[in-house]
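Following are the structures in question.
Each of the two complexes below includes chain A, the first together with chain B, the second together with chain C.
Then we have the complex of A and B:
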């Protein structure tokens, strides 16, 4: 029964081999889907290419439904699954800063690695910026460490927060996802009529 | 088809819904094996800690931030996310080579802006993403994608706000892209 590493079914020696293999699959899917191009990615913000929404939303839904299925079949111990903790205000601030970074940079960290791999200098500069940003954060950390740890809500789940079960939440998200796939398909067709197709590099 | 559209080479990307299903299955497999999801920004953090530890070891030891990640046993680079991110790079390389996108060094930008402008925007965007990912406890991979998929409220919050902010401010930066 999973998860395999926390249960001790796969021992620590294999950790990094598994990390590398999962990473290779991750990078392959990102690049093959078109995430090594910043103009492809930001298309979602201007209506000419919704590939980000399609890939991202589909992935979330597949993983969620899969997890519920694994739980139902008793294949995975859900209480051993890592739930990202919620620090409310710091995370709100962080996401807003990342939103600006996304529109300016055109990449997120994972996609920038795949873009470097195929030779994009702008992605190298983006990753250099990431390094600099995390360095600046680390050096000034003592000034806002209180804020950084504030409003810790612990490993709270969506269902605990919204008062609906994981199954109901997943169902709602599936409906929202299908509506978004349909709606953005219409928008994309209209926008593409009015703009010159952009050249891919 | 006229010559204009033919001159624009459409890259061979896989169907986005197919890509999404693959990514979802990979995320499920990752959670099944490791008990947690995928990530990306963590590797850069390890690189920052390692660099500071090498350049200024005493400064790193005194710092409340760096000292959390430094042990005597091994380098901070000996970390799950570093190996995974190395994999992301290799995977991108394989896919790029396979689909013919692995080419000489180049800068991709809208014809309306110069390469220099693009690099400045990319650099500043990277800095913002770096800072934001620390407060957000992860980036689009670790917090938004993996967090949401494992039903974390914080992950869902990051996903909504990251993309929401993107849409809210996209208008002001439109010259960079369209």
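Then we have the complex of A and C:
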């Protein structure tokens, strides 16, 4: 039956209603996971708090496994889902810039809004910078649009690129994810022995 | 360490490992045979050549014309802006992306309407909506739009209106100048032409 809009079960006019509901749910989960604190977020870079990695990895794994089962049951047509096109080098560069912003500012775009929602002043400054960045990016875009659209690999998934089935790739990622969960717990324990200013649980 | 994490770890492993042991299952969506039968017996899939001509002249952006004849026939003559999708290639993925585009009305045509009708059934079976057939195909296009026959003097005023539209469309598509209309008046006096008129009426 799904995806609902491409299958014509509901009209595209529902786009914004669904986006609003998903946005509220996303913001709620971010806040509930403690992502409105930049200390929690940047902890992943310093090794004392890997909650970011665990929450996002959990979301990815649950969504992957869920989609495959839903596809199997015929509840969602995987081939109708939109896959963002991959521009390899520009995306790697973009991720590095994003990572720098992440560790310097202490937020990613989504979490800065959840932090604003609970009244954090640093997040307000962060979003100010974010809009400034968007403005500068848009104004200077013509200078690097060629690079921006270079190395287009099309709407490709990792399993297609590696030539393995979705099931195999999901299983590998689950094993890697679970290993990361347990591994980061061990790292956290060791690092936290040496620092004392904050309790995180 | 919370015991729940151990349970969750095991659950994730079982769920992801379980994907390998799922028996085969075909989720391909075909249209229900009964629905298909009802849509086949209904004439609503047919679009007249006049309607198509009007849409082409008005540059209707929702019109997608698909020529289902072989590539060489398509190369010889086809309608303005028509895509070529030979009947045997409709099921291939390369062509399917042209079907079922949101907001587009796909109209199949061939020399007559048999091949186009077959293409329509295939497209319908593949689950595409908004697919239609040009009634009478290109033969009908020639006899109604390109070389329309003047109605008899006793014909209704609607028939004359239709004729003048067809005449105008003929000029639009062939680039004939207005003098040709007087030429065609002469030819309508020909008895053999009148025979053709009855054939054209029955043919499409």
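Please note the rule applied: the second predicted complex is superposed on the first by the 196 of 201 C-alpha atoms of A that agree within 3 Å, B and C clash if a C-alpha of one lies under 4 Å from a C-alpha of the other, contacts with A are read in each partner's own complex, and residues count from 1 in each chain.
In the analysis below, a residue touches a chain if its C-beta (ideal position, glycine included) is under 8 Å from a C-beta of that chain, and two chains touch if they have at least 3 such contacts.
All values reported here derive from a predicted model rather than from experimental measurement.
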{"item": "Clash or fit, chain B versus chain C on superposed chain A", "value": "fit"}
{"item": "Which of chain B and chain C A:178 touches, first, second, both or neither", "value": "second"}
{"item": "Which superposed partner A:10 touches (first chain B, second chain C, both, neither)", "value": "first"}
{"item": "First, second, both or neither for A:61, with chain B first and chain C second", "value": "both"}
{"item": "Partner chain(s) touched by A:72 [first = chain B, second = chain C, both, neither]", "value": "second"}
{"item": "Partner chain in contact with A:106 - chain B first, chain C second, else both or neither", "value": "first"}
{"item": "Per-residue contact with chain A, leading partner among chain C and chain B", "value": "B"}
{"item": "Partner chain(s) touched by A:187 [first = chain B, second = chain C, both, neither]", "value": "neither"}
{"item": "Gap in Å between nearest CA atoms once chain C and chain B share a frame through chain A", "value": "8"}
{"item": "Touching both chain C and chain B, counted on chain A across the two superposed complexes", "value": "61, 181"}
{"item": "List of chain A residues in touch with chain C within their complex", "value": "8, 61, 65, 68-69, 71-72, 74, 77, 167, 170-171, 174-175, 177-178, 181-182, 185"}
{"item": "Complex interface listing, chain C residues touching chain A", "value": "1, 5, 9, 12-13, 15-17, 19-20, 22, 25, 27, 29, 129"}
{"item": "Residue ranges of chain A touching chain B (in the complex, touch as defined)", "value": "2-6, 10, 15-16, 18-34, 36-39, 42-46, 48, 50-51, 54-64, 66-67, 70, 75-76, 80-88, 90-110, 112-123, 125-138, 141-142, 145, 148, 153, 155-161, 166, 169, 181, 195, 197-201"}
{"item": "Contacting residues of chain B [partner chain A, same complex]", "value": "5, 8-11, 13-14, 16-17, 19-38, 40-41, 44-45, 47-49, 51-52, 63-66, 78, 80-81, 83-96, 98-99, 101-110, 118-119, 121-170, 173-174, 176-178"}
